[in-house]
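Below is one structure. I have some questions about it.
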């Protein structure tokens, strides 16, 4: 950490900074410059409360040199983390893993039907919301536990793994009984009691980036999970808030190579929430794979015009089939391939 | 709601939109224009799932004409809501109400001491965090229930009311035992289980705007509270995320007059989190009052250089005293005055 | 255009809106709703000054239904515009067109050397700045006209077309003498005198999206060019400003499919400025092609460590060669192919 | 400048950084830390091309410690700059200076009429656009030189000074013949040829912050003016782009105290463009004064409902009169007062 002093800061102010750093238990090293002096804080273990230094007299700014996250960083663990599910699906290796399904579970016919369709197209993870966080208290909020039961039936019928969201610490236990992957939604990325509980659930966690979270904050949120002993974490870029209302969110695909250089955790993209518009989902799903995503989460609905939520961003099954064909070609350009039930079987038998 | 069709949309596409609207239980009225046709949806009760319409063939965009929130709106209730606390303090009337105190409760000496100082300066509400949501899992997370106990002691010693944050549904009950106002933090603005629980707590709720929440989303989050029967709600502008790193957040003071025109709920400003820098807190606190805020929440610490959190944005007690003097003058320009223990006593005896 | 009235707006206020619309020369049609009345403005020719209506008593908001741009829109011209250069290169058809070269022209050796390298790799358009807009007045500002002369030499040596930036109306004539494509930079997207001059230059124009321009504003800026009679316009996504400082800009690839649905103009992406970091250029270049971009503009420098500007985002020639290999594979997934000197020759001889 | 190396960067990589810094003509000083090594660049004169260092192997990031601007900074000149006009009005001292008038000059009656009204209310600077930068090429673009002539007539009639915008380098000379202050609009904040020309015009310049400009970029744009020898510069906060569409822009009032701590130049606020809505102009004008602005630029129109541009954000004269009364009270809280023709006369006679 570097404490930059104002030009002409008094020797007394510099000494005060040095003493404060020492009082905090670290070493201080003044570095005189042409324009101004800086004081280096040596030995930062990630717990330094920089605010204490920022407010001192004569301080211009405090610059973090070390990163505040640890276990999620590539410096902590160089090789890629690969999350492996009970049905053999792997996320984070050389394969590109597809999660697909409707926004919300609506009925047994709907979820089992679409699961069969997707499974035949080569998808090994089924998505579907049972508990839905909705902006308005008057919107459809999901089927609740019944939705979880129906997801489990779809799993039995197809062998797919299931990913679904938990909204609060209490819900974590319930969801963990039914799901293969616990999802933490964008609105809850900094819901720390929820993260802690998910970190102790024993299940892999899919952590979505918050609407205005920096990459550093996303990694720190993941750090909450790893700090509880859970390193089966998958990150997900799903679009950030921006100024143009042409799309619901701005899908920040550059976050994918940035995260992959900073962290060993796998990262996938959600082009459905990331764009909010069906016609943009396919191009952006292709783009995410080309940018190096370890997988995709895509909303597909058997009849989007009648979906109870997010119909406008759900693909028709036939559109999704075409997308799968395209991303298989793109994967080749990166020496990867799209995971499928066959590769999953192989993983299980090996 | 207005469904705008693409130029040259077929009659069939228009009919499909009309039928879908009718299928959803509303009336449809096509409005032919020079460039394109629009279809009005008549009878919107705030539950229309517009996504279902956005995805239909030939639809260019769907425009919301009615607002999705109800009980929080001025159209629902024209007169200002005034929240009244046990110690007589009112928020939302002609008075400007000040909440002040340290970021976090650190010790009995600290919190009771600063409470006495602030009470003497005319402050009637004490802030202080017992449960702290921190970006890093390795930062100080607050004293927990012990912090609540200390806040209660400060209340006994001074007669001040206490506002403090609850982080999860479980915590709501605990915090409600000790606090006069339950605070929902910015990171939790869309934590719906927490909002529902707070809505049923029987306590006034201070709801902070999320870091990238639109005003509509802030009002919809408040609607969750009112939908549970709690109309004792105070909104709080505390800065939104923006592109310039000179300040921690961008304090959006225009939100104050915007909210006051759309809603009957009181709104205050938090210039401490809104700027993140001590030297900017005083000017922005003045500006918030001038913009029409119903009050302020300001961090004041007896020794900011040793604060366990947010020291850089905490005022020294003497700086805060000067701020109080300035805002008393500014209040006059708006025909308001700053609430004080004296006005509070009057309210109690009347 | 739809003028939405406040709930309970008086009949007088509604009449005032109707009269104002008529006074502006359009027809007005009141549309009563359940919650509120709206007044449709019929016959909008794109010149309506909505501000005049927004300020009237009883008006809640004014919603634009028709788009303010005309000649750039797909509704004006359904088929894709293809820009064809003197050397046969086409931008906007089924081919993907690559523009590459250094940020700035630095010397004859540098520019002719890199042009030969790029030409051998299949690139048919050379980029290079002679006039550089720099944030600081003390930074290197480009070689000026000498840079243009050197670009022309590189063209003679290789047969490549040249794209370079003009900074002001005076510069347009000078640049037009030397360049095959005039570039308007992001900072100048709304420099209307410059756009008008470029529109009358007789040269194709590459128009970069401003740092915080909406897609609508980008299309309206292009409309300035078409309104002067120049329809040889190429749009360019180069990243927008956002809150995360991990990258210089946030490359908004979703803008590509959005623009292609709204407009007939070709759109390319600039992943070099869009990310600002060499290691992110290749993944985002791949992603742009996968998202449907009609081409790329990529910074390549023979010795990035010694570049006079933007060295950190310039690829080494060998990195660029690998990128070309990858995007040739990705292009197949979209039934497109990367343009090359051979396809250019074919175009010339046909 | 601090070059932070990746953890485990090789000694060779560190040496390469040191050599590159030396090759650029500066001194290098490696600073070993617990987690990683940093290399200090000593002697930065503001011309360091950091991109050259960012791209080197083993470099994690490059952190600017010194500021890139010089003459605009408080470290260069400690005392406040006060701009004094021919009619005696001062901007930047203890007085708060009001500029008011219509968005655009529309006719002699309009501009001379409103000038008389405003002058009687105590305003000493008249604003009014003759050349209007408009997002659409089909909108009213201003009266051009005729508008300048009419502004000069209003000056003769009232003794007010005149501020109006120049759009391009050619226009600077023309505008400088008529105006007391040359305005550079937000869209042109980084139009460097225009800034250079304005810097040589011999006239005070009002420089508006760009829609997504950081404060550093605003100060660097001003540096272009001072670098040409013109230190009569007034900065203007007018709102930045953000994600909420409730207001046209997000008025960033915190920029005012931030600029005042970094620079000696005066800064005013434009709450009309900063909000885009008449009902929000008055509260935000008050707030700007309370935040410490050296003045305001406010749109006032004799008949906003008929304004040719920006009618929705123009105050009625009576609303403006009330605003003046309120800010006179607020000024007292800051030990300042609102400038008036009387104080101006005093300044002239002294």
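Order as written gives the chain letters A, B, C and D; numbering starts at 1 within each chain.
Following the convention adopted for this analysis, a contact is a pair of C-beta atoms (placed from the backbone, for glycine too) under 8 Å apart; a residue touches a chain by one contact, two chains touch by 3 or more.
Please read all numbers here as calculations on a predicted model, not as lab measurements.
Chain pairs A-C and B-C differ in how many C-beta pairs are in contact, and the one with more is A-C.
Compared with chain C, the chain whose C-alpha mean position is the greatest distance off is B. One finds 40 Å separating the Cα centroids of chain B and chain C. One finds 31 Å separating the Cα centroids of chain A and chain C. Listed for chain C are residues 212, 240-243, 245, each touching two or more other chains. By the touch rule above, chain A contacts chain D in their complex via residues 2, 4, 6-8, 29, 31, 33-36, 38, 40, 42-45, 63, 65-66, 75, 241-243, 245.
Chain B meets chain D in the complex at residues 212, 214-216, 240, 242-247, 250-258, 261, 274-275, 279-280, 283-284, 286-292, 326-327, 329-330, 332-334.
Within the complex, the chain B residues that touch chain A are 20, 46-47, 49-56, 68-70, 133-140, 167-171, 187-188, 190-194, 211-212, 217, 220, 223-224, 227, 240-241, 277-278, 304-314.
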